[in-house]
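Mind looking over this structure? Questions follow.
By letter and in written order, the chains are A, B, C and D; residue numbering begins at 1 in each of them.
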Amino acid sequence: MNFSSDNVTPICPEILAAIAAESDASALPYGADDKSQKLDAAFSELFGRDVSVVPVATGTAANVIGLSGLVSPFGGVVCHHHAHINVTESTGVAFYGGGAKLLGIDGPSAKIEADALDAYLTNHVSNGMHSVDPECVAITQSTEFGTVYSVDEIQAIGSVCQKHNMRLFMDGARFANAVAALDCHPSEITWKAGVDVLSFGATKNGALAVDAIILFDPELRRKTEQNRKRGGHLFSKHRYLAAQLLAYLEDDLWLRNARHANTAAQALAKSLSTMGAKPAFVPQGNELFIHMTNALAEKLRDAGIVFRPWPSLGPDAYRFVCAWNSPIELIEALPETVGQ
Amino acid sequence: MNFSSDNVTPICPEILAAIAAESDASALPYGADDKSQKLDAAFSELFGRDVSVVPVATGTAANVIGLSGLVSPFGGVVCHHHAHINVTESTGVAFYGGGAKLLGIDGPSAKIEADALDAYLTNHVSNGMHSVDPECVAITQSTEFGTVYSVDEIQAIGSVCQKHNMRLFMDGARFANAVAALDCHPSEITWKAGVDVLSFGATKNGALAVDAIILFDPELRRKTEQNRKRGGHLFSKHRYLAAQLLAYLEDDLWLRNARHANTAAQALAKSLSTMGAKPAFVPQGNELFIHMTNALAEKLRDAGIVFRPWPSLGPDAYRFVCAWNSPIELIEALPETVGQ
Amino acid sequence: MNFSSDNVTPICPEILAAIAAESDASALPYGADDKSQKLDAAFSELFGRDVSVVPVATGTAANVIGLSGLVSPFGGVVCHHHAHINVTESTGVAFYGGGAKLLGIDGPSAKIEADALDAYLTNHVSNGMHSVDPECVAITQSTEFGTVYSVDEIQAIGSVCQKHNMRLFMDGARFANAVAALDCHPSEITWKAGVDVLSFGATKNGALAVDAIILFDPELRRKTEQNRKRGGHLFSKHRYLAAQLLAYLEDDLWLRNARHANTAAQALAKSLSTMGAKPAFVPQGNELFIHMTNALAEKLRDAGIVFRPWPSLGPDAYRFVCAWNSPIELIEALPETVGQ
Amino acid sequence: MNFSSDNVTPICPEILAAIAAESDASALPYGADDKSQKLDAAFSELFGRDVSVVPVATGTAANVIGLSGLVSPFGGVVCHHHAHINVTESTGVAFYGGGAKLLGIDGPSAKIEADALDAYLTNHVSNGMHSVDPECVAITQSTEFGTVYSVDEIQAIGSVCQKHNMRLFMDGARFANAVAALDCHPSEITWKAGVDVLSFGATKNGALAVDAIILFDPELRRKTEQNRKRGGHLFSKHRYLAAQLLAYLEDDLWLRNARHANTAAQALAKSLSTMGAKPAFVPQGNELFIHMTNALAEKLRDAGIVFRPWPSLGPDAYRFVCAWNSPIELIEALPETVGQ
């Protein structure tokens, strides 16, 4: 069993079928095809309001291009120190943002707290054009530590952003897992809470390679698409991005896959607890961070379980990630299989 | 029949099968999987020397990231005025090149001629760090007008580059069509002629979305990969890029597809000539540029033939592009079908 | 006598005095001092309408920062092939413009002709976000070849810009020489003709180091100042920029210096003609481009006359530049002094 | 008395005289003049080894251009959270560094401590090209809080940099004040301790506008000069930068001015202490940060004393900066003059 990441999984059958179904006919390139033309409507229905959709092939592209419309080359993006954009996306935000700067703040379990954000923004001493002043806040849902912002928490952050005239970006590489965990309508944790742009992840949750930039502010479309093009992210065979996304939405596949992954993570948390591991955070999505002894880690490895050490949480910390195809029964049987 | 571009085609069966075959197992992300690890060897065998392979999903990404290793932020890239990097890739070269500048020159049928290049470089008046001095030459093979540089022509360009201490880049979005047309070994028009970096296209020739940056200078790898990552082009499910490329090379699929497309283009040229069209250039690859009357254009459209006007060649100019799946028999029958 | 450039001259006495006069008291930094606060009013009076003034220390900075407000990172700036921004300012326009591209066109004596510009813009084939579409036109007044656009010529260019929805930038490193040559009001060749931003040169015409970015569109101020700051061009002792500029405007020093330089250039043209040199262009400002024999060039050099070869105009071409301190009587006596 | 900053001061007489002395003759532009050609030798003598000197007009330019040679577009610069480059230079480091990122760390009185730096670099979890890995360390001497690194402290930082293969940059906007405070040879706190590049400030210490980038690694010259040019910082009348710097070095003017400023700061600290102010840090250079009551602040203001609140140190914190022209006797008499 491989829990090293959700990106080690293959394409899920429904999405593979959708790709295969494209193989008979010609289609206009660069998003002019029928499927691509349906994306705005499909996501508008999902979110309960008009949205603009700009698909790209990777989560990093979705984040850095999505953010580029919300911050000037002279401005800052407030994010958690552990944010993916801050620690795992090279200097991509500055690249697409023309120099824009990440401003890291702290918070428990990779979450920004509304009060702390308010204090940070209130205490920020602007020195006019000498200083880099915050223009945007970026949060990750579900977070880099497998936790999930509640509806109230996001709405509180949105209020703080409104108070300080900040734009709000959401890295939703694992957005589906958050919605599944909260059992809420996707609108409640996005535009209704003030989110301007969402990167809506699919790659980690069953797709081959597609994440959608969802723009709740239609005026951002042109610049976002220009950045996509000149960054080399505009697919000629754009229909294959669209086909993946439409299949992902159809019959709530995105939610079904995410629910499966979350359920597997809960089962895994239970199994590992039984064996003596301690959760670093209460797992809510599909990621699980635990502390365990070397002995237990070795025993798991011997049983063919794959997972990653997570040194930023300590020498005894590890990450396990479940996915749409995680074998829940085998996970439940782990304590027995591995032996305690 | 749709001749508007080769990017309107679906995935070819062999590559679709390779994608589907990935669907059973987990694989390490970001290029650490088995298939990705085979890419260097596979392309090294193809080119008859050690090469480094950096796959990306689009041709624009392959060009602008591939070029970024060959030019400094203060330098220029000499290319044909009609080069794809100059007219169809936004400001991508300056973006990834940190400000690097395109220096357009002329030449017949979208080709740079070695003598003209030599004269341009000789006559360039450098003003030290005030001026943007050429550091790199970029050619497209096959060209934006469907013509193909001969082996001699490329070697002559390579010699001029060596004389003037220029790096040499090749936009090979339709490299396969050029090799098929020349019936040469791929090495003869690349590293043996002095090419430092090649973008090796697959997307237009049967893949879903993958073009490979081929580095003949291994020292370029690190910077190229860094630019790929921060540009958002490093696939987590990298194996799907690798699977496409390996299938593309297997049993010379790349050449078979290209030969089919070229043959179709020759047949189309013949059929259109019969109907009164005049070729703008002698077609060698899979693209055909012609002049024809409005009456003929209308007749073709009425018969369901799709193609694009090409205003930069005049008001009566059009482009037709054939591909791996072009129906040669129907093309040959065009004069009869459409009526003259 | 040194005619190699107008930048070889020292500071003129009036400006040196203004700098020295600052030496007694403290003053607020970064433009908050009294003198800096007078700049907008002083230039508004000069131009006969409200303008915003952003001073910097070099002509390149004035051009590339001034332009940065008029073009997006995805757009093009149409300029003459021989424009200073195109041949002598490294990749500065792309740097401050976030990737913006220079699009060179031809025209006699380094001038863009309104008809040719109209044709260029009309014939430009936009390919949506794939192509780099012109957003701005940049002209130089007086030009890089010492010629001067007439009021009518600039107004015609302004009309073409308006027709095609282009912004209009003027590189006025030698703006004073142009106004002196035309004997017109500065407004006639700037905002009344549609110029949005002017770099108003002083360094070459008597200052130590200051060129002013003149914004005729007040909405450009913020971005222009932000680019100035982060480019490292915001002087802490900003008053020394202001003091130079105010002295430069006082009693029309700028025009007096320019008239002197222009008169000297006319005298020099006459003297060199007498000796057999042929003007490459009819000189109007303070720059003179000529063709002459090696023998004459050598004779001049032997007499201690300093000037520069200008290879882009041919192997027998040379540039002579006069300035505010050129010794007109000695220039008139040249044929006699040097001997013919 | 104006203590709001050292940049409110005028030019000191010696430097004004040097500028005035340039006013009689022509000189080659762009650094080819005699005075500019002497800079390398003059600074090499000062530092006791060969150095390359690249003058610019502002401290921000010296920092951001100086740093650009030490960090790649994908790398990080470790600096103190309170570093001038981090809080007062907009996004200049990312701009000239092509995206390079500032990585702020803590430390008492704006100093980085060698042990803390070592721990930071040791604990940094590199994720290959996903993460931004530190490539360079930047320290400020004297610091943003008026303290001074001892020779030992800088050597310890240099050793940590060597251990972790980091380049070392020093922001020396107030370098003279540090050398004056330490009474050391300038080499001891620069290249002998491993500093690769120093921005050697003069503007705040008596010059009109010049700070010199001192390169202890000659290979950095070309890129540094290229960045200077395309950033618009290459002066045509470069001799005026050189004249200022040569006068600044002559007869140790730089040290004499700095010693005066430091002495004034000590006197001011004493006077303010007498009146009840508490120093926030032990002042060593020419800057003084204190806590005082509103009553005292008001009394000082009423007496015409100008200074700035410093909110990042608390609501009762203020900054006073002395300079080359601070009136020491008046400062000593302050308690008496103002009344207690």
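Here is the rule we use: a contact is a pair of C-beta atoms (placed from the backbone, for glycine too) under 8 Å apart; a residue touches a chain by one contact, two chains touch by 3 or more.
Worth saying up front: this structure is predicted, and the values here are computed from it rather than measured.
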Shared chain contacts [chain A and chain D, defined touch]: B, C
Taking each chain's C-alpha mean as its centre, the one farthest from chain A: C
Pair joined by more contacting C-beta pairs (A-C or A-B): A-B
Averaged-CA centre spacing for the pair chain C and chain B, given as whole angstrom: 42
Gap in Å, rounded to a whole number, between the CA centres of chain B and chain A: 34
Chain A and chain C: spacing of chain centres that average the CA atoms, whole Å: 51
Chain D residues counted as touching two or more neighbouring chains: 73-74, 89-91, 95, 99, 129-130, 226, 229-230, 234
Complex interface listing, chain A residues touching chain C: 30, 72-74, 98-99, 129-130, 225-226, 229-230, 234
Of chain A, residues touching chain D in the complex: 73-75, 87-91, 94-95, 99-102, 125, 127, 129-132, 311-312
Residue numbers on chain B that touch chain A, as the complex places them: 2, 4-5, 7-11, 13, 16, 19-20, 22-29, 56-65, 89-92, 95-96, 203-204, 208-209, 226, 229-237, 240, 306
